[in-house]
Amino acid sequence: MSPVLKISGLHKSFGDLEVLKGIDLDMEKGDVVSLIGSSGSGKTTLLRCVNMLEDFEGGTIEISGKQIGYLTENGQRRRLPEREIARQRAMTGMAFQQFNLFPHMTALKNVTLGLIKTKKFSRDEAISIAETWLERVGMRERKDHYPGQLSGGQQQRVAIARAIAMNPELMLFDEVTSALDPELVKEVLAVVRDLASDGMTMLLVTHEMRFARDVSTKVVFMHHGRIHEQGPPEQIFGAPQSDRLVAFLADSD
Amino acid sequence: MSPVLKISGLHKSFGDLEVLKGIDLDMEKGDVVSLIGSSGSGKTTLLRCVNMLEDFEGGTIEISGKQIGYLTENGQRRRLPEREIARQRAMTGMAFQQFNLFPHMTALKNVTLGLIKTKKFSRDEAISIAETWLERVGMRERKDHYPGQLSGGQQQRVAIARAIAMNPELMLFDEVTSALDPELVKEVLAVVRDLASDGMTMLLVTHEMRFARDVSTKVVFMHHGRIHEQGPPEQIFGAPQSDRLVAFLADSD
Amino acid sequence: MNFTQMLTSIWNARMSLLAGLENTLLISLTAIALGSILGIGVGLVLTYGGMISRFFVRIYTDFLRGTPVFVLILAAYYMLSVFGWNLSAFQAGVLALTLFCSSHVGEIVRGALNAIPRGQTEAAKSIGLTFSQTFLSVLLPQALRQMLPTWVNTATEIVKASTLLSIIGVTELLLATQQIISRTYLSLELYLFVGVIYFVLNFLIEQAGRALERRVAIP
Amino acid sequence: MNYNFNFNVVWRDWDLLASGLALGLFLAVVSIAIGCVLGLISAFGMVSRHRPLRWLALGYVSAIRNTPILVLILFTYFALPQLGFALDKIQSFIFTLAIYAGAYLAEVFRGGLLAIPKGLREGGLSIGLTETQIKAYIIVPVMMRNVLPSLSNNFISLFKDTSLAAAIAVPELTFYARKINVETFRVIETWMVTSLIYVFTCYLIANLLRRLETRIALPR
Amino acid sequence: QTSDKLQEVLERGYLVFGTGSTNPPWHFVDEQNELVGFDVDMGRLVAKALFGDTEAIEFVQQSGDARIPNLATDRVDLTCQFMTVTAERAQQVEFTVPYYREGVGLLLMANGQYADYAALQEAGSDITVAVLQNVYAEEMVHAALPEASVDQYDSVDLMYQALNSNRAQAAATDQSALRWLMVQNPDRYVDAGYGWNPQTYSCAVQPGDQRWLNFVNTVLREGMTGVEFPFYAESFKQWFGAELESPQIGFPVEFK
């Protein structure tokens, strides 16, 4: 079986600035990979490439064996049409640091929108799927609230439900707790932990080292656009190899 | 000598909701008091009353022996004119969770504005005072940057410099780190710690328990609009008395 | 002022005034509706279009916004007939006002779309919505909320600009009134009268805008 | 079409057109300047805590914005003198356009005020500024930056409204265009030239505002 | 292609006729909501000549600005809209034979400051004269009142409004309009008693169609001097309040 995510030689620049300098990463079903690294090391950019929110110049990304974003034919690489990419994006779900809920829709409608428009579920099916997931993140009773009526932690949980309801092969989390008050962080992390124990394949950027250690099957340390060190959490946190990682871990506490 | 801050029987309601139910608190010069307590317990409201950003219905607040906001004459309590209150506000400095820097002014101008308009310093004097304080918070080289060009931690440091440059008797900090990424938190806490060791009188709301323990001379635990327990940090964190505080501390970690 | 005479003359001319009012309503509402739809397209191109399409649409809006409305009306009526497109005065007038309205709405839409955080588009993309779905479900409803007050400004301007169709002989409300004035010389009285009618029209639009604003307010 | 264009007859009177344009610009600039002040005051009025102020401002905006400006112009010029308030035709037009501009701009400014985070005011209060100082140094400058894009629509419309001054015999651009029309019957040429002048001027205004917008844009 | 307007109109079955709707007694809408006036009657005269039916006519109500473009773009067959003939204008359109000779007069408020032309002259630069925006409007007023200020309005009613509200102390206007106004508002206005500045009113057609021009010329001429004289004379009486003497029989009066 092909891996859920297979990134090979990924290169990405913003103008002159090369932000990702050749990333290779494989994830099997059920893997939970934490990306750590200092600010500006390229973690967010990597996630955004996987979700095709950024174009990239070199390398390939495959999800469940299917190359996304681009097509390589006789050595010619061309970007897929926008409509095709939109369909591919639904294979990955993404939760953002700033939640990005649609402020003019209730929690329920936030979740059903993609189900109806992208997955072509009927309204009733969409509602029942959405309610199941809102239940899972503990937001069922608040389903008719608008984002402005929810606390940050509650909004983030709805955002996660919105992504997961699409039944993605892979979930991407980008610092989903760092816009939250410490008290709200716990609610959200509990949800992520829950998903991990369910066997959801997840790639997450986090600043919560303790959490990364608890939940991941693999931790990846990024530095200056490269994967500097990776391994199981016990190794990364317990026996870091490189000086950089040692310094980073000392700092992050 | 009269205490720097003397709060007696402070009552404050929003409509029907009584948020502060009789607060008494004294602070001497050089005291660093940390306010802790769960969300909604009234910490922010208390700070805002001290800075007269909220009117309050009962009790008095004195700063350096001078009652602020209201005048009590023959049992009649009346609010001081706005101009007078504006002058009194300059006796306290406040740093906000959301920084609230003026986006159309450079860091330097943010700091000099109050010095020139409220304290009536000449432009040159104001600039030299502002530069001294920007230096202290490590923002001197960025003095000509606009808030939009600064990271959150840098903005918060400018905001603190803006408040302190006014030479207040008392500094108020309201969760100055909770809008920041974990990495930026350290920069700001370092500045606060620095001020504490300088002998600045400070009242601060924080969610960083470890920091509260390190820096405070007294920790005050608020619950449901009342001061539930208070004491030196060793006592509050080492030997909490009430169940509530024990539960709160267990949660907050 | 001579009010009895004014009331008599208004009563005598009620049929032509009503016909004028009907024309005014028809012209304004058509132009506002079509112009707003077209304007959304214009705003879209201004915001998301490529360099070239943006350049041309920018010229389009700046040109239309800058030209006096009655010149637009003259142009729609006469210039188009040079190209063998013979519109009636009414059609030409509505066309001119529609284009004018679209240029204003285009600018308004651009402003509103720019104010929506980028994260909204990205979130919509990440659940697999196509651009048109994103626009219709996510961006437009939010833009609408910000646009409404200025859009009402434009709508009232269109109502007022509809008076200019009299130049090419469309008997709208103002011309119908001026015809009475030319007969009775009650200019102040009748201008005041027609001013009140326009006021009521625009007031209704304003209130409709306010009501819509409240309805679509985000809790 | 059986028509031969002849622009000479229009250019022959270029000095008239130029003086008309100059007067039109003068009228626009003065009225818009006064209108901005009126608009600011009313915008603050509309968001004020004091009910009478709010009603007053709302009433003004609603009454003026919804009335055709031609009616206002005629009313000020012909009817107000009967109530003992006589201005000459230029003053009278400026008076009307300024009041009209104030009503439109008030709505624009109100939108801008609503978009300003509450924290800015509190930031100002906490360093001891008075409400007036906060408005002058913080709220208005920030609000102006936010509303500048939507101001261009309004400024252009107001400039074009100066063409209505012709109704009370103020010799601005449209007035002279009509004059040339009746003299030469070169209607098509005259309006082509005149509208080009309008388009060009409006383009300059829009461009100037866009330049200003980028100049004072908040750095990010 | 050679256009033949006459043939076109005949085939169409009715005349498309351009005129205004806000200037009595020339063209305006009466109480019955009908377009009437002297200009309108000239149109009916042509329709009658074409089809023997004064109703075989479609009116295009146009503003002054639309007179020329409507002709140029063929939206009307003929325009009669109190057009002053000038050589410059004749380069744009083809004028028919004249159907009226106009002069300018001065209108005063009956209870106003100035009683007559002499008083106005006396006042020198103290007075403002309202005038309909027109060819040489300024020179025209100054020919009679050299020092007066001149305000030009683009519609007749605003001009009278200026007089009513004392924005102007006199209105210089066509004597036809002046007379009409005084008939409509007895006791309110007076004529200053001075007339000058003759000008000719003609209809106009698109240039280049000689046959059509000849036809209209013939109709108008025969209205003033020939078989249709009763029609013309009756209209003249209705709108200007004056009886015309029958054209002299014998030698054609127009060649005298």
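Letters A, B, C, D and E mark the chains as written, and numbering starts fresh at 1 in each.
One rule holds in what follows: a residue touches a chain if its C-beta (ideal position, glycine included) is under 8 Å from a C-beta of that chain, and two chains touch if they have at least 3 such contacts.
Computed from a predicted structure; not experimentally measured.
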item	value
Contact-graph distance - origin chain B, target chain C	2
Those chains which touch chain D and also touch chain A	B, C
Interchain contact steps from chain A to chain C (minimum; 1 if touching)	1
Inter-chain pair with the most contacting C-beta pairs	C-D
Centre distance in Å when chain B and chain D are each reduced to the mean of their C-alpha atoms	45
Gap in Å, rounded to a whole number, between the CA centres of chain E and chain D	38
Whole-Å gap separating chain C and chain E, where each centre is the average of the chain's CA atoms	36
Centre-of-Cα separation between chain E and chain B, whole angstrom	83
Chain E residues counted as touching two or more neighbouring chains	65-66, 69, 72-74, 158, 161, 164-165
Where chain C touches two or more other chains, by residue	74, 78, 81-82, 187-188
Pairs of chains satisfying the touch condition	A-B, A-C, B-D, C-D, C-E, D-E
Chain E partner contacts - residues on chain D that touch it in the complex	1-3, 6, 9, 74, 77-79, 81-82, 89, 166-169, 171, 175, 178-179, 181-188, 191
Chain C-touching residues of chain E, taken from the complex the two chains share	21-24, 28-31, 33, 60-63, 65-66, 69, 72-75, 155-158, 160-161, 164-165, 181, 184-185
Residues of chain A defined as touching chain B within the complex	38-39, 175, 178, 181-183, 207, 251-252
Contacting residues of chain B [partner chain D, same complex]	51-53, 82-83, 86-90, 92-94, 96, 98-104, 113-114, 117-119, 145-146, 148-149, 159, 162-163, 166
Residues on chain D engaged by chain B in the complex (per definition of touch)	117, 119-120, 122-131, 133, 137-138, 141-142, 145, 216, 218-220
